[in-house]
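The structure that follows is given in the form of structure tokens.
Lettered A, B and C in written order, each chain numbered from 1.
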Amino acid sequence: MVYQQTLKYIKIILSVFQHSLKEYCKNKLFAILIVFSLFSIYASLLVGIMAVDQEFRVLTDFGLGLMELMAFIYIVYMSAIAITEEFKLKTIYLVLSRPVPKNAYLLGRIISLFVLAAVILLFAGSFQLILLKFRGFAYPPLYHKILLLIWMKLAIISSITIFLSFISTSVITTVIISTMLWTLGHFAPETKFLIEKTQGISQIFLKFSYLLIPNFQLYNLKDYYDTGLNAYTDNFKAVTYLFAWVFATFGFSAFIFEKKES
Amino acid sequence: MKNEIIARFSNVSKIYKIKRLYSARKSVALKNFSFDIKRGEIIGLLGLNGAGKTTIMKLLAGLIFPDFGEILIGGIKPILSEAKQKIGFLPELPYFYPHMTCLEILTYYAKLSGLKGFKEEVNKIIEKVGLTEHVSKKISEYSKGMMQRLGLAQAILHEPELLILDEPVSGLDPLAIHEVRNLIAGINKDGTTVFLSSHSISELEKICHRVIILSRGEIVKTVLSDAWKIAGGLEEIFIDSIKGNNDENRLITVH
Amino acid sequence: MRLNAIVMIKRIYGLTALSCIIFLTVSFYIWQNYKPFFPPPNQIKAFKTSAAQDILALNLGMRRLFADLWFVRLMQYYGTPEDGVSIYKPMTSEQAKAYGGGKYPDFFLISQHIIQLDPYFKNAVLYSAACLAFNLRQPEYAIRLLNSALEYLPKEWKYLTMLAAIGYSKAENPEKVASSFMPLIKEADCPVLVKQLAAFLNKKAGNYANAYKIYLDIAETSKDEYYVKNAIKELHKMELKNKSR
């Protein structure tokens, strides 16, 4: 009985996941962003040539930076409208009037966004590798790990954005807050520095913020992958942190979604 | 079996809170609403705009929750999956994903409803509602009548025990109305209980076994088909009931 | 049916409570154990109007990329003619001698800015130190730059080698300078400017064989046209000289 129910639950998640992924990939914005990111990566050739002997480093850095930025823009926007658009267009009625547990539906949507992020990164990453090969360069060190960590960053911000979409008043607000969290998340080492320098209420406030803002520097291997130091991201910390954020935001989102009326 | 109660409303009240900047205005959509839906019936819900018809439909479909009272479908709360398995819902304006085709949409809903062997079911339903010619067209190309037929198709896809239709003939031309009416009658003949709302008296007269007249969130009168046949029509009964229930202190409900 | 509803409610609240506990535990653990890899922001001194760009670099987590941009700017800055030299007229012999060894007052500041953004950008450090010490004749700035880079990579042998080379240069020992460059230029990612310097110093010290090998390497591997042309020119000179002997 439990096995059958679990199987049914998983089938629902898979159905929502398949449908959502198709929807995201058919979106015109997806096509525009893919083309734009590929064009930008290609255009980074110019900067690479200007860098002369540092061409490999510049090409790799630019490519990774641009693909992360493009993927971030698309994933945040899609996460912001994932559920809210359904409510706005009222297509949610015909889904929730079916025997579909709300948390299963939510999980299907979240997983589809994670897979979408992976698709974007794999596509752009392959293009960059072809470009590097074309310029006569080898496979950058730890490239696969860098992409994986970028994907983890995107997974965290996507989960946060979905949660924010339940509590904010508009898509623009959600996107703005997510963007702020993205930038603050990269500011984590600086926040830690400020905590050490401040006292009193400011310090308490900063400690609280530090706890509640995701630390994206944990996943920023693209900034220090060839330093030669044994300081690459601790896999255990990265995975645990990702799990904690995704699980927490999913839990809170599911809570609000259960209570939400259509 | 015929008198078995398939759905029950027990003293249900629903209050909408319309949020303002610093406060919220309360609007009572339903007050102490109680009635039963018996198996095999076609029950109509008749009322003016803002009477609370869509609120009742959504409560039954588990899309919104009552503030007071209890709703049960086969002894189960509508928000639970087991209850939703028993119902099929058609909202007032069915919204579909415009880039999808009829086949894709129905396949998606079939999977969500947990149907096994859904390919055959989907093809059968498409034929039943008369959309075979338009199977490969995108929803954005559909007319109102076609959308309504598709809406009915998704509602009956998983052979529900109770069909909830919110204004199924609203905005349709006479031919389409006739087709939809026949479809509903055919579905009821197969054993499905139908609960539909409308503000078109003539439509309810032609198809329902029983009509509930609603005004400002309260049941004013329940009329059996024999009663309006004897009285020469439902219209007089409806107007008398509504005028009799005129209460100037009540806020107009919103749905 | 009441039991189902109660179970469902318990599940929702239970899931939310569990989410809170896991999240707070893990966040606290990460907070306690996280050690920033880059220097604090007060170590980045804005260069002219770079403050907004620096903040953007930090906020987007793209210190390395912005350091690359600044390195490109540094090369462009060093590649543009100096004050008093027109790009439309051929240089005088004095100007040609001084070319590459002129004022470039912002060179050290830009180099320093690159290190502040990305303290692990080794090639930029070597390039800048070599330019400052041997072209711009500002060895003190070169030493300062290398010392600040060594704070983050204290065991980096390339920096220590460059310091040694500068030391020998100050002691006016060109042979030692030339030999100290040799381990550096064996590295595949050695800046071409350092290779060119090594070739020039070897030639100055009379090690023509070494100089020839280095110029050949530059001609074959470098992507900078200027250095390749110069290397080919030097190779011809050395071949002619060899033939005339």
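In this text, contacts are C-beta pairs under 8 Å (C-beta built on N, C-alpha and C of every residue); 3 or more make two chains touch, one makes a residue touch a chain.
Since the model is a prediction, treat every value here as computed from it, not as a measurement.
Q: Which chain pair has the highest count of C-beta pairs that touch?
A: A-C
Q: Report the chain whose CA-based centre is farthest from the CA-based centre of chain A.
A: B
Q: So which chain ends up in the middle if you average the CA atoms?
A: A
Q: Just curious, how far off is chain B from chain A if you go by their C-alpha centres, in Å?
A: Inter-chain centre distance comes to 41 Å.
Q: As a quick test, compute the distance in whole Å between the mean CA positions of chain B and chain C.
A: Each chain reduced to its C-alpha mean, chain B and chain C end up 71 Å apart.
Q: Distance from the CA centroid of chain A to that of chain C, rounded to the nearest Å?
A: Chain centroid spacing, chain A to chain C, equals 31 Å.
Q: Can you pull out the residues of chain B that are in contact with at least two other chains?
A: In chain B, 82 touch at least two other chains.
Q: On chain A, where are the residues touching two or more other chains?
A: Chain A, residues with two or more chain partners: not present.
Q: For chain C, jot down the residues that touch at least 2 other chains.
A: In chain C, nothing touches at least two other chains.
Q: Contact residues on chain C for chain A in the complex?
A: 12-13, 15-16, 18-20, 22-31, 33-34, 36-38, 40-42, 58-65, 68-69, 71-72, 75-76, 118, 120, 123-124, 153, 156, 189, 191-192, 222-224
Q: Which part of chain A faces chain B closely enough to touch in the complex?
A: My answer: residues 8, 11-12, 15-16, 19, 23, 26, 89-91, 93-101, 261-262.
Q: Going by the contact rule set out above, which residues of chain A touch chain C in the complex?
A: Per the stated touch rule, the residues are 47, 49-55, 57-58, 61-62, 65, 69, 103, 183-184, 186-190, 192-193, 210-212, 215-218, 220, 222-224, 227-229, 231, 237, 240-241, 243-245, 247-252, 254-255, 258.
Q: Would you tell me which residues of chain B are touching chain A in their complex?
A: 58, 61-65, 81-82, 84-85, 87-89, 91, 93-97, 99, 108-109, 111-114, 154, 158
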